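Each of the two complexes below includes chain A, the first together with chain B, the second together with chain C.
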Partner chain A sequence: MENIDWGLVDWSRAQFALTAMYHWIFVPLTLGLSFLIAIMETIYVKTGNPAWKKTTKFWMTLFGINFAIGVATGIILEFEFGTNWSNYSWFVGDIFGAPLAIEGIMAFFMESTFIAIMFFGWQKVSKKVHLTSTWLVAIGSNLSALWILAANGWMQNPTGMQFNPDTVRNEMNNFWEVLFNPAAINKFLHTITSAYVLASIFVIGVSAWFLIKKRNTDFAKKSMIIASVFGFFSILYTIGTGDGSAKVVAKYQPMKLAAIEGLYEGSTEADLVAFGFVGGEKTKPEVSGIKLPGMLSWLSFGDSKKFVPGIKDLVEGNPDQGILSYNERIEKGKLSIDALAEYKNAMKSGDTENAEIALTVFKDNFEHFGYGYYFGKDPNLLVPNVKLSFYSFHIMVILGAFFLLFFILTFLYSFKNKFQGKNWLLWLSIWTIPLVYIAQQTGWIVAEVGRQPWVIQDLMPNIAAVSQIDKSTVQITFFLFFAVFTALLIAEFKIMFTQIKKAKDINTNENIGGTN
Partner chain B sequence: MFFCNYFFDIEQLILYLYYVKVSPKYRYYHINMLKKIINFYISGFKNMPVYGRRLWLIILIKAFIMFAVLKVFFFQGHLKKFKTDQEKIDYVSEQLITIK
Partner chain C sequence: MFENLSHLALQEYWWVIVSLLGALLVFLLFVQGGQTLIYRLGKTEGEQNILVNALGRKWEFTFTTLVTFGGAFFASFPLFYSTSFGGAYWVWMAILFAFILQAVSYEYRKKPNNFLGTKTFDAFLFINGLLATVLLGAAVSTFFTGSAFSVDKMNLLNLSGNKMPIISSWETPFHGLEAVWTTAHLAFLQNLALGLAVFFLSRVLALLYFQRIIDNTEIINRTKKCLKLNTVLFLVFFLFWLIRLMLIDGFAVNPDTKEVFMEPNKYLHNLLERPVILAILLIGVVGVLLGLFNSIIKNKDNGIWFAGVGTVLTVLALFFIAGFNNTAFYPSTFGDLQSSLTIENSSSSHFTLTAMSYVSLLVPFVLAYIIYAWRKMDKTKITEEEINSDSHSY
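Up next is the complex of A and B:
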């Protein structure tokens, strides 16, 4: 244990988390706003009403600002994979390479080409070509997200591959299994629909500001109606896919489920914590609060009689439920790692007979491979940060429920045209914008902190994935990224606020947003 | 103005290269098409509002920091120091079979 530089692991993790969290400030608005703009422009093309054209152009301006500031921030994550996580990058092989390459090509050709038509083409191409471009930008951005999230889903539930001990890489043997991995599909749908929720709340919040200022009121009401309807259906879908994600987590990542619920001892008819606090020791949490009887079992497996394992069951094992203890898995993982070493040595010396034997042992225990790195260590190191996972999950769920009520309210008030003058609701709409960003970030904390220490579930922990590089380099770039991303965020706020404040007479002025 | 001239030169260059490479049969049709596309972008950039120019400046600064500073000095790729795939395999194998 003294040979592991935990500082290096933690700084590398912190840097990746910082980059990913900043990146995810920009992405969801792009994903959601692109569809809202496409819907608004469709109404313009259908009705021919120029007010809808101006409405589309205004939101397109804000979309453009967010897109320009956020573009390429994700590439830094790829830099980090290659430098800070080189063992991981080699180990995942083409499973990561293929989806990322498709994403790169799609993002470049679809988004770059059609975004130019969106912004420069209002008077250069026909209405229908322009509208098609706007829809293609929306579809293209969302498809880009599909490939990234398929890669992430594979890390949560590795499938569709075979490990090649000669190259020490995983090789994809079923592309469709990787793409339609249940973890990937649920993650993709949950993520993009939550992005639609964010964009809808953003549109409602900005429109509410116009109503408070009594400016561009017709435009604001029109925008609110579209965003309320889109947001309402999106939050329903987000909740539905969240339920799907929970079932996938229960099946493939039981420790994550135990951590987000603070469940120490598993049981049948396990209770769901609706609202509560977590105390106790780091790996022996005690939860107090309002609990819904049997709901966790029901939500996880569709049956309240089913057993949901807790942290204790997973660490210490539960023979009645057929759960191996972490120590048993560590032993098997160690066998697998040693067998890989023996195989490599046997192949080097040309001893094919021993190589075959070692390969069989390796394959038989491969599903526990990553546990082997904890040989001689405390198995509790395999338990994620329970408090962070628990609070992040519950904040996300509570905010999700609040957004559902919020959309019902905005939906009703927008349709009855009673938004104006309801200052409490208008201010609530504005203050819901930071809340939806918090929900997004906590969602990712649940997904990524909850699966620690796994970089690839059960196969590669972060201590095996990290590159042996100088810790000070990681620290320097951590603060460098922090400075650059904060500067970008400030620039985004400044330019966006200026454009919003400058927007006058959207209903009559031709020159709002983008070029003509 | 500098940018306008710059784009104009690129246009001339592309047209020149295109003229040299493509068979005469399709040359004029393709050149017209290419001209239209280039002019589309040039007029788009020329008519860009002030905030748009600021955004492009931010994109360029960001790209410079990412690719000319971070990539070159801090993120060269840990395995890039090995010349062949076999060297990389040997290094990663050693890392993976060593339990610290």
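Up next is the complex of A and C:
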């Protein structure tokens, strides 16, 4: 396989990672804040209290600043499937394109239409129409998340399709299986609830700053109560769906599970690493730290007696557990690819008999199809970056547990109205904002680095998914994106901070808090 | 309902949907055209703010239509999506960069401490207006003049050759930019002409839109002056492109063997053999001219509606000429004509097109709520006072 341009593959991955990570700085705040705004405006419409209108409008301004850059970074992602992953776009476009189109028709138009009313319609439509528009913006943005995350979940567990040897691609045969496949459902729920957690922490943190400055205190308290309740229930759901995600990973992506736990040799009653460090070789990790006996088996399969395969079991095979080695899978994958080529040639020459034989061989080995692209290569290339996966996963989990404690505290203190004066808690609230952004990014690293090299699990590795362009071309666009996104990010930060700081002058206690 | 349709009928249905999205996109590019006129029409900061806010309440429709156009093309004709986007890399990347710049510029331009300054964000809006229109126009023109690519699905099964296992290859190192200097059959003239026609059309539509939505005598007077010149330039480039399109050889498909071959005056034949398309084109052109007549001669402010509907119908007809009547809509000019894409060889499966067709039933609802929101928001004309009284402005 000297024909593989590894530099092109790596730079194409880097560009996608860069755009996705930038995009995900902004999206979770959009997803969560849209609902928080809708809740606040609902209280305003129900009570008629203008303080709630001002509260809504303040958060709406921050929402708008964040939304714009989320949109800017989002458009690239959709088109990058075509520009940088063109083979992928053909191989599974029949399935993957549909969610993207539905996202546009169903969600993006809803979002972009009603956002205009939400921002500019206060004096042009009735209160109820305005409130409905705000809710539709929230629903629209969350619907868009549903479709793209369903698509992502499908890549990690391809279902609802079959390979068509005549068109040389996968084709959808069950729409509902694609949408409701377990990986997609868990991915969607885990991701959006974690976005609600981020938005809640953002609102609490910014409100805490106002309380420290003793400005807009009534507004800050109101915001905190809403965000604490929303955040508390969201983190419970995030943790619950995180557990669900782990079970799905254990079932469909055993190598990812082994990588995030740094598990080299599998076992029954496998231990869960609560806190630890990874040493050893790149594909032969050694983990030291605090381990919880049997917990990995239990969390993965609901049974501590179950066997959890390690990297060694998957690469070298484990006949006792019925696990084929990667070399065996590579052989079978090559058999499948060659058989498909034979089928195509036989069909072209009208040799239906040999075509049938080749087709049978192809189908019998299809589940290993993607491994064939690693023929003649080191099977260890099929192991993802263990250290990155391990640390990302554990940072995410530890932060998740911390957020639960954090919300319990904010929930209690804001309800008892005892936040003010508790400077340690106020500062903690502010410093939790960067932590929740770290948790979001590490979550995506777990999901995306952990599944490498698979673009579509077991069927298409990244080396067979890229577009045929020069590495240098991708390098240029990578650095262009990097420069543009970084400049815009700085602009966003500066504008956001200024808006928050400025709020102390605009919204004094009297005019924002009121007496209600 | 849809499952009983033949695969070809579904492919044609989806070509209509994609064409409609493309046509709506070209109409909505009036936002881009307007962005190139902010400093031409607005001499004071107040006037410039009026213009930016008039466009700023619509920019997301254009943006969303572009994204949906891309998504719908991906879902219905994935081989086009993979071949064109992965191949004409630089063209699409330039368009995307232009849209990144636009997305933040409205929201950030007047915000305090915005790092780059109002002038920079306004420059971003200008760049977006220029690049998006010219490049999208030139890209659509290649639907008729062709591009240098090849498609071989067997590459995916080639584990031993010296090529990557990639099915679509762009055969020039310029990845699409060559569309504006390819001399064969004077393709560059044709592509540039449509690019510039779309650019001037977007400005014409923007001027008509401003006349409808803005209540400011100074600005309106300037739009009237500006409209005449842009109309002339639009007509020159568009008519050159259209007349030449009728005269050039086109990429025809043999309906029996599916073989692609060159046919003299193919696109003229498409119009004559499909009178419905001809009728749509003529009504569209008349609509645009009527809009201009209403504005320039009759001094009315409703030109945007006639010209808008006319633009949608005209572009719709052009997409129909490209894809229907046994025509290759994305032709390959690199050696092997058989790499050319048709609505039959590049489409999704019967199952996916059926599923997506059910989703397409949502389109009328989407259009209905867009019209509702648009009417509500445009009930009153935009003035400086109205912008200043609003809590949210650009």
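By definition in this document, the second predicted complex is superposed on the first by the 498 of 516 C-alpha atoms of A that agree within 3 Å, B and C clash if a C-alpha of one lies under 4 Å from a C-alpha of the other, contacts with A are read in each partner's own complex, and residues count from 1 in each chain.
Everything that follows uses one rule, which is that a residue touches a chain if its C-beta (ideal position, glycine included) is under 8 Å from a C-beta of that chain, and two chains touch if they have at least 3 such contacts.
Just so you know, these numbers come straight off a predicted model, no measurement behind them.
Participant: Chain A superposed: clash or fit between chain B and chain C?
Facilitator: Here the two partners, once superposed via chain A, clash with each other.
Participant: What's your read, chain B or chain C touching more residues of chain A?
Facilitator: In the superposed model, C touches more residues of chain A.
Participant: Touching A:173 in the superposition: chain B (first), chain C (second), both, neither?
Facilitator: In the superposition, A:173 contacts chain C only.
Participant: Of the partners chain B and chain C, which touch A:101 in the superposed model: first, second, both, neither?
Facilitator: second
Participant: Just to be sure I read the superposition right, which of the two partners does A:361 touch: chain B = first, chain C = second, or both, or neither?
Facilitator: A:361 contacts neither chain B nor chain C.
Participant: Counting only touches as set out at the top, which of chain B and chain C does A:490 meet: first, second, both, neither?
Facilitator: Second partner only.
Participant: After the superposition on A, what does A:57 contact: first (chain B), second (chain C), both or neither?
Facilitator: second
Participant: Where does A:347 make contact in the superposed view: on chain B (first), on chain C (second), on both, or on neither?
Facilitator: Neither chain B nor chain C is touched by A:347.
Participant: Please indicate which partner A:428 is in contact with in the superposed arrangement: first for chain B, second for chain C, both, or neither.
Facilitator: Neither: A:428 stays clear of chain B and chain C.
Participant: If you stack the two complexes on chain A, which partner ends up touching A:500: first (chain B), second (chain C), both, or neither?
Facilitator: A:500 sits against neither chain B nor chain C.
Participant: Of all the chain A residues, which ones make contact with chain B and with chain C?
Facilitator: 1, 3-4, 61, 64-65, 68-69, 71-72, 75-76, 79, 82-84, 86-87, 89-91, 116, 119-121, 124, 167-168, 334, 337-338, 340-341, 344, 372-373, 375, 463-464, 467-469, 473, 477, 480, 484, 488, 491, 495, 498-499
Participant: Give the list of chain A residues in touch with chain C in this complex.
Facilitator: My answer: residues 1-5, 8, 57, 60-61, 64-65, 67-69, 71-73, 75-76, 78-79, 81-91, 93-98, 100-106, 108-117, 119-125, 129, 133, 164, 167-169, 171-173, 175, 334, 337-338, 340-341, 344, 372-373, 375, 463-464, 466-470, 473, 477, 480, 484, 487-488, 490-492, 494-495, 497-499, 502.
Participant: With touch defined as at the start, can you tell me which chain A residues reach chain B in the complex?
Facilitator: Within the complex, chain A touches chain B at residues 1, 3-4, 61, 64-65, 68-69, 71-72, 75-76, 79-80, 82-84, 86-87, 89-91, 116, 119-121, 124, 166-168, 334, 337-338, 340-341, 344, 372-373, 375-376, 463-464, 467-469, 473, 476-477, 480, 484, 488, 491, 495, 498-499, 514-516.
Participant: Within the complex, which stretch of chain C touches chain A?
Facilitator: Answer in residue numbers: 57-58, 60-61, 63-64, 66-68, 70-72, 74-76, 78-79, 81-87, 89-90, 92-93, 96-97, 99-104, 106-108, 111-116, 153-154, 156-159, 161-170, 173, 175, 348-349, 351-352, 355-356, 359-360, 362-363, 366, 369-370, 373, 376-377, 379-380, 389-392.
Participant: Going by the contact rule set out above, which residues of chain B touch chain A in the complex?
Facilitator: For this pair, the touching residues of chain B are 40-41, 43-45, 47-49, 51-52, 54-56, 58-59, 62-63, 65-66, 70-71, 74-80, 85, 88-89, 92-93, 95-97, 99-100.
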